[in-house]
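Structure below; questions to follow.
Chain IDs A, B and C follow the sequence of writing; residue 1 opens each chain.
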Amino acid sequence: MSNLQLTEDGKLKHFLTVEGLSQNLLAEILDTAESFVGGAGQKIKKVPLLRGKTIVNLFFENSTRTRTTFELAANRLSADVLSMSIATSSTAKGESLLDTIRNLEAMFVDMFVVRHNISGSAHFIAQHSAPHISVINAGDGQHAHPTQAMLDVFTIRQMKKDFAKLRVAIIGDILHSRVARSQIQALNILGVAEVRVIAPKTLLPAHVETLGVGVSHNLHEGLQDIDVIIMLRLQKERMTTALLPSEAEYFKCFGLTESKLKIAKPDAIVMHPGPINRGVEIDSKVADGVQSVILRQVSNGIAVRMAIMSMAMQPLGAA
Amino acid sequence: MSNLQLTEDGKLKHFLTVEGLSQNLLAEILDTAESFVGGAGQKIKKVPLLRGKTIVNLFFENSTRTRTTFELAANRLSADVLSMSIATSSTAKGESLLDTIRNLEAMFVDMFVVRHNISGSAHFIAQHSAPHISVINAGDGQHAHPTQAMLDVFTIRQMKKDFAKLRVAIIGDILHSRVARSQIQALNILGVAEVRVIAPKTLLPAHVETLGVGVSHNLHEGLQDIDVIIMLRLQKERMTTALLPSEAEYFKCFGLTESKLKIAKPDAIVMHPGPINRGVEIDSKVADGVQSVILRQVSNGIAVRMAIMSMAMQPLGAA
Amino acid sequence: MSNLQLTEDGKLKHFLTVEGLSQNLLAEILDTAESFVGGAGQKIKKVPLLRGKTIVNLFFENSTRTRTTFELAANRLSADVLSMSIATSSTAKGESLLDTIRNLEAMFVDMFVVRHNISGSAHFIAQHSAPHISVINAGDGQHAHPTQAMLDVFTIRQMKKDFAKLRVAIIGDILHSRVARSQIQALNILGVAEVRVIAPKTLLPAHVETLGVGVSHNLHEGLQDIDVIIMLRLQKERMTTALLPSEAEYFKCFGLTESKLKIAKPDAIVMHPGPINRGVEIDSKVADGVQSVILRQVSNGIAVRMAIMSMAMQPLGAA
């Protein structure tokens, strides 16, 4: 997997998963993103790094928010962007997905930003793309959402500096979350002291410990000594599949309230990949409170995606 | 309301309603728009006034025409534009509308152009936006459509010069029309001699005189001495709600035909915000006739929206 | 028809059909396209030829692929592009189509790229547009798809040089194909030795010979001596209308396989306007084989459309 993402001399070519990447490469992404951020709350300047390049947003799964941040990041890099929403049904067979890719390649595009509800789709497209194409995974099935994980660790570094001392809790539906999988990988590569997942047993994968995490089934207990709290969005459809009793019950046990937040360290930060379900996994007072960095994550998403897109295009520029 | 729209030193910050704005400010908008218009039928040049700015078209209500003119106006100002069509259902609760706004703000956008089927939506968004954001109302419920009113008075000034001597008739469904409400305000602020509404009683608001208009229920009578005729679009759905007998009946009483047009002054101009219902509120011969300035209104829409957008961004540029 | 497309001094003004154009003009289009192509597989550079111009993609019929190539071609020419997907239902009456056109004209756009399911729509729009507007036909009903035909003959010229010696076979549903109609015209104008259509009788128009083609109902027989093989896409809906027995039966008789390809000349090239139905009209081994130039056609589509769009704008530039 990791080899596919890198050029022979170890530069970023595709960005498909955090898994297998080196601490140095992740740090390089974070440093590059840093260079795009003006100052606190300041606007990101438009730079000509990808002028004349064409980026195609290939969204087989609907996501206004993620598509928008990728589009804005591409604008800031001066690239041309083409957004395509593709009904999965029309490309159900791998063969016709390949034909779609081959045709777009033939139109001289330079990068695919791919979101797909099937795990492995971005890898598949990267494996079968022409040598000059870069592929960015914008979320594939329940597998990975690596740009989200990178903007999360960027935000953590902004707020907390030294990863080595941090205890990070990820709370909620770990089982179905591509975000959680990528976060766990990134945090471990960057060398945090502990990643702890907190969830009911029905929302944890089997043998979750093998991912390199501590486990708790109890929010009161799990939040002890925590520096960074990452809440996950609870997909409402889980309710109907007997994995969970009810929204109210879930909120009571695993929803983050002001009183529960006090169990963590006093300077703990609260994160969420959005969009938030107020009153389901998080209380509004916490989401909008002083410890929340949820909107900062959104802002950082632009700079981090600019960094990843421009780095992935770099080997070409040099060639 | 008016204070919200202006900076402390009286400059335009948001453009939400014509109500409460000064004659000077309206004249400044018209003069700025004038500077963008080349000559009769000539193309508007692209200017770099908003280069590097990001404008988001937030359309909670569908409108290809209005969205298109805002997009073209933004292009001419060299801004980046992001068009989002948002199903109202997904943001039914004010809380999630706010979350949408907060997220877009965090992505460093500079302006929201808002169309919404609920009156007051643009005000709500302006009230809750970050200080650096400008909000333009592109139509909210039955409340206001101020950019339409400004392009209408711009067109009137082009054709008729002196507002003080003009008698303007607005004909049709005043009751449900945000366009009419904004037109009446703008015309009164600019000091026309008379605004006269002509409509059946079922299509007039109660106490309509308090808006500062004369009233007639008879087209023959009402068109006497009129310099400017503004026809309103008749929403077909009004038919089913017992407010009106039938399309044919409406056309007979309130439809503008060549013979009825002769009742007005010989040099009267005919306006319509579009899209027109030929044979319902207006006869094709009048819509396409020499006294019609309907397409000129569309052209002027680009220049007037450029003026409003660039003026609203100005306080930032200076800061 | 042809006069409508040309200015008084014979320059391209609209591009509606290949029919009636001179060999010289087609050659000029091909030469202009040549100038945009870098080298084999090389990317097309962005040029400022249409900077400040606004192109509207008016798609009354859905087509992601064609819309995308026009949008990319417009980007490469530095034009601003506005893509509008218009449900035909809302403009069912010719009158309201005209109103749509009039309104867009009034917004100072420079070019319409039109796709419509009714034959003659692009002509109709060209006839009724303002003098400064250029109209490009991106496919109208079963009438014409002239930019597709031009990219096809461009690809043939790249691969085969001299048209005068070529025998070209077009295979499949000639009856319903606007692509075939335009290809036959272009090939005959460019003076190929023979155009031969190969199809079952139910998929050929009556008196097809009058189009200037040879006819065969048998693939084995028809492929003899052929230099260029153009496969047409089989619209699946034809199956249900009793024109064809079954997909398997069609593939057996008219599908292009490796063994049938051997009947043609050894250096014959295989073309297809896409999207291909693998296993219906063409075997995957042929579609992806060394004689296939299908993806080259897609690449050439950008350069050829750039050529046509920039030439159609030229008379204006000079005026």
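Please note the rule applied: contacts are C-beta pairs under 8 Å (C-beta built on N, C-alpha and C of every residue); 3 or more make two chains touch, one makes a residue touch a chain.
Quick caveat: nothing in here was measured; it's all calculated off a predicted structure.
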List the interface residue numbers of subunit A and of subunit C, divide the shared ones by all numbers used, and answer same when the ratio is over half, different when under half.
different
State the superposition rotation angle between the two copies subunit A and subunit B, fitting on C-alpha atoms only and giving a multiple of 5 degrees from 0 to 180.
120
Mean-CA-position distance for subunit B and subunit A (Å)
42
The distance between the C-alpha centres of subunit A and subunit C, rounded to whole Å, is 42
So which bits of subunit B are touching at least two other chains?
none
Listed in rising order, subunit B residues that touch subunit A in their complex are 52, 54, 80, 82, 84, 86, 95-96, 99, 102-110
What residues on subunit B touch subunit C, complex-wise?
43-46, 64-65, 68-69, 71-72, 75, 274-276, 278, 284, 295-296, 298-299, 301-302
